[in-house]
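Next come two complexes built around subunit A: one with subunit B, the other with subunit C.
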Partner chain A sequence: MEKLDARGLSCPEPVIMIRKAMQSGGAAYEMVVDNPVSRENVTRYAQHEGYTVSVTEGDGEYTLTMTK
Partner chain B sequence: MIDTKKERLVIVTAGLITGVIAAGLTKLGNPANMGFCIACFLRDISGALGLHQAAAVQYIRPEIPGLVLGSLAAALWKREFSPRGGSAPVTRFVLGFFVMIGCLMFLGCPFRMILRLAGGDGNALFGFVGFAAGILAGVFFLSRGYSLKRTYRQPAGEGGALPAIMVILLVLLVSAPGFIHFTETGGGPGGSHAAILVSLVAGLAVGALAQRTRMCMVGGIRDLILFREPKLILGFGAIFAATLLGNLYLGVFHPGFAEQPVAHTDGLWNALGMFLAGYGCVLLGGCPLRQLVLSGEGNTDSATAVLGLMVGAAFAHNFGLASSGAGPTGTGKLAVLTGVAVVSVIACANTFGKKQ
Partner chain C sequence: METEVKLTKLASCAGCGAKVGAGTLVQMLEGFRTHSDPRLIVGYDKSDDACVYVLDRETALVQTTDFFPPIVDDSYLFGQIAAANALSDVYAMGGEPKLALNLLCLADRMEPHTVQEILRGGYDKVYEAGAIIAGGHTIQGAEPIYGLAVTGFVHPDRVLTNAAARPGDVLLLTKPLGVGILTTAAKAGLVEQAVLDRLYRQMSALNKTARDIMVKYPVHSCTDVTGFALLGHSYEMAQGSGCSIRLNTAGIPFHPETYEMAEMGFIPAGAYRNRDYAGAGVKKGPGVTRAMEDICYDPQTSGGLLIALPEGAAEECLSELRERIPQAAVVGRVEERGEYAVYLD
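Right after this comes the complex of A and B.
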């Protein structure tokens, strides 16, 4: 599973980051973001690309696990 | 998982409410096609504080504190208030400064551009073309790795500073001490305004709606180009539709180019002004409305951009850079071209510079 750290980055940067990663066609990605807007936008993009997204929250950070 | 249908329905509803409020504010006293204009309102506040001396545009517009405090309230309610900052604040100040120079060339921010279109102001079509082109220019750099780097957690006092300043502005508005400047009624756009409480409540409502829906005039076109994601542009469209219907109902829809309120007919410079605004806003991560809303969420970088907008407005009027109904000024044209150059340097430095 490819892991990406988008903490501190504002949208659309986290979405651009996951889009670039997904171009390799991987089956699973894990991304950490630290604001709800990035959580929503990355989730929406991953869903659109056909991934199932699960989110765990802790200490103001969100870990998004995206699998196909 | 995200229910995109519900999400889109919510932002369309919020956009419709915002459009109705915007049309209603002009009926209740705001200048024509200016239910909201973040650039104009920040410019009026700069004038009220004496940062510029343009007597026609001086008033503490309660909509601005309303937007920030409405966003703050919504963020606190949803536990999204999060003081953060440290992502190139000086660069953001400069971007805010030049976004304002672009807006005052056009005579309106992206929000007012929509309202001008909905009022029948054909000059805003040139602004829209320039705005979209500016966003495209920004997207060119975004998709090649443009970044102002990461933000970091800040103390609560830092995140609450701009909202606190907004409360002080409201106190100054109500107490009206002698050192605050107010345009006299009939003395210019600053003298046209709805009642304080009406403007404040309108700002609070739209601020809360914009915080919950992430509404952004720049983000709409940007996300459509970058990701084929239509959510934000649906909000944009809903504001236009509701304001258009509101203007038709109120009998204030006047299609044409000449004699439009607080507007000029120089198509090229309307386009170039909004090109600069769109370009700078993409690099900032959102339109002036979004900067206010993020400030309410505790984002100190956005607060810095707001201060840049205010100082840009002061410079625009102190040095004759702002347009008027008569058209743009020579120094204003030079300032817009300078702005495009500076914003391009910022874009290049933060896209290609980091790869070295």
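Right after this comes the complex of A and C.
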């Protein structure tokens, strides 16, 4: 699973980051973001690309696991 | 010049997307002690586009200000957009702008000619509006900011507030939505230049034409759709008017490229703030997609006028608007107050 760290980034940077990563067509990605806007937007992008997204939250950070 | 720093790179958020959320504003202003003056007929407490102060039986003063960080890299265009956006608040009150003052913040890495072009854009747009820039104030800061303080005039009996819509009114919108989402997607390089050029033309277009046509009709209420988005501004109109507003998404004009960008998650933070502010007052119908809802929460920079007028006059007003502004459309109706302020069908 490819792991990405988008903490400290604001939209649309995390979406751009996941978009670039998903262009390789991997089956699973994990991304950490630190704000709800990025959590929502990255989730939207991953779903648009056909991934299933699950989110865990802790210490103001969100870990998104995206699988196909 | 290729070595030059891009204007939008100097700013952390763009255009009206930088606007502080309405919910935050309401919170900050809560309990604030204000004084009244019988001549101040639209003031601080009204969440309106501008304040209105009656001078005599024929004349009321309209005052407003608006400024924001760059939404485009072309400095002349940025000046025009910022000015069109600031002037719009006077049009939304039914008034005509006459005087403007520049409000400018310079960031360290700005070239002198960049600053000149911003000011030239503002000056030209204000002149096009039939007004004049009479001065201003410039400071140094972390990010570039430009806007205007605008003074205009309106007949005291013909002030159009955002709180006077009546059940039965038809709602018209004069510019398509999607500015916030498309400018966000543009940062990822996903929006074609031709689409961006269309957006820039729209943002720099004055609401003067719409205002000049609108005032010929018995309009009850008007506001301009800017940072709080169609849903936020509709919510304020409904709350202020003691009515409910039913928006029909099938009729809402938006740039067609917006839809997929919304589905792909290119939603500006301002759209989430707008949802936080108005969401509890909005009832979404079962047929409304998430992307369409996002478009209705999307903050607009220099957006169109949202006009409430009786059904009998709406058709003629719309057809006259469409002669000059083909994208103008009926977006909804005003109803007796229901459980929710806004129904999104």
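Rule of thumb we're sticking to: the second predicted complex is superposed on the first by the 68 of 68 C-alpha atoms of A that agree within 3 Å, B and C clash if a C-alpha of one lies under 4 Å from a C-alpha of the other, contacts with A are read in each partner's own complex, and residues count from 1 in each chain.
Keep this in mind: a contact is a pair of C-beta atoms (placed from the backbone, for glycine too) under 8 Å apart; a residue touches a chain by one contact, two chains touch by 3 or more.
Because the structure is predicted, anything quoted here is derived from the model rather than measured.
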item	value
Superposition on subunit A - do subunit B and subunit C clash or fit	clash
Partner with the higher number of touched subunit A residues, subunit C or subunit B	B
Which of subunit B and subunit C A:7 touches, first, second, both or neither	first
Which of subunit B and subunit C A:16 touches, first, second, both or neither	both
Which superposed partner A:42 touches (first subunit B, second subunit C, both, neither)	second
First, second, both or neither for A:53, with subunit B first and subunit C second	first
First, second, both or neither for A:32, with subunit B first and subunit C second	neither
Subunit A positions touched by subunit B in one structure and by subunit C in the second	10-12, 15-16, 19, 36-37, 40, 43-45, 48
Subunit C residues touching subunit A - in the complex, by the definition given at the top	12, 184-185, 187-188, 263-269, 272, 290
Residue ranges of subunit A in contact with subunit C within the complex	10-12, 15-16, 19, 36-37, 40-45, 48
Subunit A-facing residues of subunit B, complex	1-2, 4, 7, 78, 80, 82, 84, 87, 142-143, 147-153, 214, 219, 222-223, 226-227, 229, 231, 285
Sites on subunit A touched by subunit B in the complex	7-13, 15-16, 19, 34-37, 40, 43-45, 47-48, 52-53, 60
